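You will see two complexes here that share chain A, one where it goes with chain B and one where it goes with chain C.
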Partner chain A sequence: MSMAKPNLEAREKILAKLRGRELVNCFQCIKCTSGCTALKLLELKPHEIIKLVNLGFVDELPSSDIIWTCVTCLKCVQRCPQKASPYHVIMALRNIAVEKEAKVPEGYLKAVSQILETGLIETPKKIVTRKMETVDRDCLKLPKINPPKENFQAVFTKTMEEK
Partner chain B sequence: MSLREVLPKFDIELVDLRESVCCGDPIKSVNNFTAVYLGARVLALASLTGLDDLLVPCNRCHFTISEANDTIKNAKTGEKIKTLLREEGLEYNPNIKIWHTIDLLHDLVGLKKIKKAVTKPLKGLKVASHEGCQIIRYSDLGRVDDAENPKKLDELIIALGAKTVDYAEKLDCCGSALMYSHPDSALSLAGSKLKAVQNLSVDGLVVSCPDCQLMFDARQKDAGTTVGAKLNLPVVYYTQLLGLALGIEEKKLGLYLNQSPADQVITKISA
Partner chain C sequence: MDVWLMTRIGVYVCHCGLNIAGVVDVEKVAEYAKGLPDVVVAKHYTYMCSEPGQHMIQDDIEAQNLDRIVIATCSPRMHEETFRRAVAEAGLNPYLTEIVNLREHVSWAHTHEPEKATEKAKALVRMGVAHARLLEPLEKRKVSVEKGVLVVGGGIAGIQTSLDLADAGFKVHLVEKSPSIGGRMSQLDKTFPTLDCSACILTPKMVDVAKHLNITLLTNAEVTNVKGFVGNYEASILKKPTYVDAEKCVGCELCTKVCPVKVPDRFNENLTEKRAISIYSTQAVPKIATINPDYCLRLKYNKGVCGKCQDACEAKAIDFEQKPETVQVKVGGIVLAVGSEVFNASKMAELGYGRFKNVISSIEFERISDASGPTGGKIVSPKDGKTPKTIAFIQCVGSRDKRFHDYCCRVGCMVTLKQAILAREKIHENVRIYVCYVDLRAFGKGYDEFYRSARDKDIDFIAGLPSEIHSAQDGSLCFDVYDKGTNKLLEVHPDLVVLGTGLVPNNDLGNISALFHASRSADGFLLEAHPKLRPLETAMGGVFLAGACQGPKDIPDTVAQASGAAAKAIDLLSSGEIELEPLKAVVDKDSCSGCRICESICPFVAVEMKPEVVDGNERFRAEVIEAMCQGCGLCSSACPTGAIKIQQYSSRQVLTQVQAALTETCTEGGK
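Showing the complex of A and B:
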C-alpha cells in the first residue's frame, strides 16, 4: 500500500472554480460540520473535506460517494466565519468528478439529458388526487408549456464543454 | 394555481414566460457554467416580456438564478454567457428584480394590505411554518429573510388571523436535493421533520416552496414509512391559506390536489 500524495495541480483546479473564496483561511472551527444536515445521516464532514483540499489530498475525493451526500442546505456557507464555504468546494468536486468520468449518481446524468431534450428537468405529469381522480395541466386550465427554440440544444451542449 | 388566484387580488398581474425552462439547479452538480447559463437564460427570457420583475416561487430556482446573476458580475464569465445567449437571440438584462412569494407578499404588498383584504380570518387555526433553506441562505447573496431566525412567513400567516408555533426543527431541511443520489436519506429527513411537527399538535405545516411541498406533501407516505411513523399531517402552500382567508373557493386554490389531508384545515377554519 502506498501513502497518498498531495496533488497540488488538482488542488489549483478546485481553487480556480471557487472564484476567490478563501479556502486557506479555514482554521478548522468545525462550525460547518456541527450544523451539517447530511452529517446526521450520511456522515458528511465538511471541515475534513476543506482540510484535505487545503493539503492537496484531492485525488480520492471526486470518486468518493461522500461528495454526493450534501443536501445543499447552505448552512455551512452561512455560518463559516472564514468564508471558506464548504458547499462551493463540494460543488467544485462534483464538477471535477464529472470531468474525470468518475461515478456520478444517475439522477444527475438523467437531469442533463432531460433538460437537453425538453428544457425541463421533468415533463409535466398527470396526478391522482386523494379522491382517485386523474388530473393534468389541461383540465386545471394551466398555460401550455412551450419547449425551448431550436438553437437551445446547440448552445446548451457548448456550455457543457466549459470547464 | 393558488398563486395565480391570490396575486390579482393585490393588483399584481402575472405574465408567463415564452417557454418553461430549467433554472439550472440540478446542473450545478454537473457543470456550474451550464447552471449559470441556464439561470441567466431565465433572466433573459423574463426580459423579453418587457417587465422588470421576475417572480420565482421555488426556493432552489430562486437561489440558482440569484447566484447566476451574481456570477455574471465576473467580467470574463459574464462576457462568455452574454455571447452564448446572443446565439439564441437572447439578451441578458441586469436590471431584473428577482422576487420570491414571501418577499413579494411581505415586503411589496405588505402585511397591512393583506390584513385589510382578509374577509374570512383563519381564527382558531394553529400551524407550523417552513421557509426552507435556499431562500434564507446565504445572506451575502441577498436573501429574502434572516438566515437563522426567519420570521416573514410566520408574520404572513399571523396576518390571516391564524397562530404559528416556534419549534426546534424549524430550520431543518426537507431533504429534496438528495432525491437525485440518496432517496432514502432524503425521505428520512422529510419524515423526521414531519414527525416532529405532527408531535406539536398543530393543524398543519405551511410551506411556500414547491420542492419542499413535494417532499412534505406528495411524498409524505413514503417519508412516514422511511422513519417508521404514521404521518397524517396537512401540508399546504401559504398562498392556499391566503386564498381561503380572502374567501376564494377552495377548488380554485387546488386544495383537492394536495396529497396530504388538506381538508382537515378547511374543516378547522369553517368550524
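Showing the complex of A and C:
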C-alpha cells in the first residue's frame, strides 16, 4: 500500500466553496452513513467523504462516481449533531468536478441542458388515463408552456459559473 | 482645586511572560512612565506577581520612600489582592495601589496591532498615575456574620453539604422542593463503577439529615426571596401545604389505599401511577403522606366530596385547611445544590421517544431495573412486559449536539456501561446487548476498569450512531447502524432501546439565578467564580455551588464538590466576622439635600434617612449603613448635589483620569 499524500491546497478550495468551516467539527458519529438513503443503493459513505476532505485526501474525489450517487434527501443535514452536513460537501465536490471538466454522469448533463432549453426539469409527457386513453397537454386543453425568456439562459449560466 | 500634596509614585510594568510583552513594548511603556508627573521609579519585569517581582516593589518603597504604587499588569480580578498584600507588608496602606490592566484590556484585545497597543498601554498608565496621585488610604471594615447556612436542594449534593456543615457545628436550613430529599440519586438502581446499590449508600445519609440537631429540614418548600449580603443574608422560604400534619402522620399508607384518584408517579418517571395522597417513595425522608392539590377531589372541587383519606387515617393527620406558610431565616452563607434535569428525548424526533413505548430514557431504565421500581427490578419492555431479547443503548442523546446541547453530559457513557452490565447480570446470556457510541469516555478512578468489565460480559460495542429508529408493520422496532470497525451496515431489531439522555440545566434555573444573583454560563448551568481556581463559589460573596447545577456531574464528583462547598462556607463563617472591602459610599452631610434618591435606588438597602434639627427645623440627611454598602456606586451617579460619593471614585478622582486620557500622547511624558 502506498503512502497517501494530503493535498491541502485542494482541501482549502473545497472549504472555500462551503458557507462555513463546520465540516472540520465532524467527530465521526456515523449518523449520516447509518441513515444514508444512497448507501443501500450505491455504497455512498458520507462520513468517509468528510474525513477524506478533512485530512486533505481529496484528489480522487471530484472524479469519483460516488459523489454523484447522493439523492439529496437531506437527512444528514437535518440530523448531523455538528452541523457538518456531508450534503454540502458533496455539492461542493460536484461543482469542482464540473469546473475540472471531470466525468459527469449523463443524466445530470441532460438535465442541465434541458433546463437551459426549456426552463423545466421534466418536459411534459403523454400519460395513460384509467380509461386507457393516451393524452397530452393539448388534449386536456391546458395552456401552452412558453420557452424561457431571453435572459434566462444568461442568468442561469452565470449562476453556475459563480458557484 | 488643582492643589495636591506631592506624591512619590512607583510604576511597575509586568511582561506576564509573553502575554503582555509579546504585544506591548513594555520597555517603552516603562520609559514613558518615568516622564509622568510625580513618578520617581518606573521598572519592567517578567512576572511582577512572582516573589522577586513583589520584593522589587517592597524594596523600592523603602529605598525611594514611595507612597503610591501603580502596577501595569493583568486584570485586577486576578492579582489586585496579591499586590495590595505586598504593599501592606512594606508598610504602605494597601489601598494606595492602582492596577492598570495591560493584559485583558490591551495585549489580549489587540494582538495584531503591537504599535497601537503600546500607545494604548501608555495612555492607560498615564490615567493610572493620575488616579494614583489622588488615592486615599483606607481601612478594611469588619462585620459580624450569621453562623447559619441555607442549603438549597436536597439531592446528594445538598445532603452532603448539610451534613458536613452540621457536623462542624453550623446551623443548616435545608430547603427541598419535593416532598422528600434524595433527589436524582434516590431514583438510581446501582451506581458505577462499584455497582453498590444507590439506596443502600444514600438512605442512611437521608436519615442522618432528618435526625441531625443542627439541620432544619424544609421539604415541599421553595426560597422566594433573598436579601442582604455576604455573611448576613435573610431568606424567605415558602412552605407549600401538604394537607397532612407532619407531627401526626406515621407513614402507614392507609390513606393511599383508599384514595380513588390516580396520579402519574413522578418518582417512577411516570411509568406507573400512584394516588392523589401518597408518600413520595419507599425510602422517602420525611416519610409522611402528601396530598397533590391538582388532583385531590376535595381540594380541587368542593369541600363536600370524597374525604376518604380523612376517614381512613387513624392518626387524624389529614388537614384540608392547611395554608402555605412563609419562614424567614437569617444565614451567613448560601449553598446552591439544585441539581439538573434529564434531557427530554422527544425533542430528537428521529429516535421516536414518546412515539414508541419501547424507546425509553436512561433514567426510566433505572426505575425499571430498581427493586423498588414498577417492575420490582425485572427488566422488561414497557410495551408488552416481556423480557427483551435484544437491548440497544444509544449514546449522546441531546449532548454533543449543536441542535441541543454542545457539551458532553459526562455521565452517559458510564451510565450505559452500568446498565448494560445490569441487563447482562439480570437476563444472563438470553439477551443480545448493543451499545452504539461515538467516543466512549471512561475517565474517572476505576472507570476504565469498569469499561473492560463490560467488554468481558459480551456486550457488542458499535462505533457509530443510528440515524433513525422506525417501527415495522408488526410494531417491532428496527434501526440501521453503520459500524466503523467492520464497515458493515447492521440491521438491529431491538425489543428495548435505551437512550443515553444527558443532563440539562433545571427549568427553573433562570429564577434561581435571578433570586441569588448567581450568573449562568453559556451552557445554561450556574457559573463558578473562576473555572479552575474558584470552582465552588459564585461571583456573589457567600453564595456557593455544589453538584450538577454548576455542570453535569456524576456522584463522586458531586459529593467531592459538596464537601468542598461546605468547607468554603465554614472558612467564610467560622471566625464570626468577616472583612469587607473598604470601598464604600460616604455622605457629605452639608451638601445633602435630603432628596432620598439614593435611598430609593440602593439595591442593598444601605442608605437610611436620619432626621436632624437645624435652626429649629427638622430635616433629613442620608446616612450609609457601612456593613450593607457594597460600593456599587449607583447612589453616587444619581446624587444631584454630589453629596454621596464612593471612596477612590469621587468625581474629582474620576475626572482627573478622564483628563489624563484626553491629554495627547507624547514620548517625553504627559506633562
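Everything below uses one rule, namely that the second predicted complex is superposed on the first by the 155 of 163 C-alpha atoms of A that agree within 3 Å, B and C clash if a C-alpha of one lies under 4 Å from a C-alpha of the other, contacts with A are read in each partner's own complex, and residues count from 1 in each chain.
Just so it is clear, a residue touches a chain if its C-beta (ideal position, glycine included) is under 8 Å from a C-beta of that chain, and two chains touch if they have at least 3 such contacts.
Computed from a predicted structure; not experimentally measured.
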What is the contact status of A:V112 with respect to chain B (first) and chain C (second): first, second, both, or neither? first
Quick check for you: in the superposed arrangement, does A:K131 touch first (chain B), second (chain C), both or neither? first
Chain B versus chain C as contact partner of A:R94, first or second or both or neither: first
Partner chain in contact with A:L8 - chain B first, chain C second, else both or neither: neither
One more residue to check, A:K75. First (chain B), second (chain C), both or neither? both
In the superposed arrangement, does A:T33 touch chain B (first), chain C (second), both or neither? second
Quick check for you: in the superposed arrangement, does A:L142 touch first (chain B), second (chain C), both or neither? first
Return the chain, chain B or chain C, that is in touch with more residues of chain A. B
Based on the superposed arrangement, let me know which partner A:V104 touches: chain B (first), chain C (second), both, or neither? first
From the superposed pair, tell me which chain A residues show up as contacts to chain B and also as contacts to chain C. 75, 78
Interface residues, chain A side, partner chain C - complex: 27-36, 39-40, 45, 47, 75-76, 78-79, 81-83
Using the touch definition from the top, list the residues of chain A that touch chain B in their complex. 17, 19, 37-38, 41-42, 68-75, 77-78, 91-92, 94-95, 98, 104-105, 107-109, 111-112, 115, 119-121, 127, 129-131, 133, 135, 140, 142-143, 145-149, 151-152, 154-156, 158-160, 162-163
Touch list for chain B against partner chain A, complex: 1, 16, 18-22, 25-34, 37-38, 60, 63, 71, 74, 80, 84-85, 87-89, 133-134, 137-139, 147-148, 171-173, 175, 177-182, 185-186, 188-189, 254, 256-259, 261, 263
Give every residue of chain C touching chain A within the complex, in rising order. 350, 396, 400-403, 438-439, 463-468, 479-484, 489
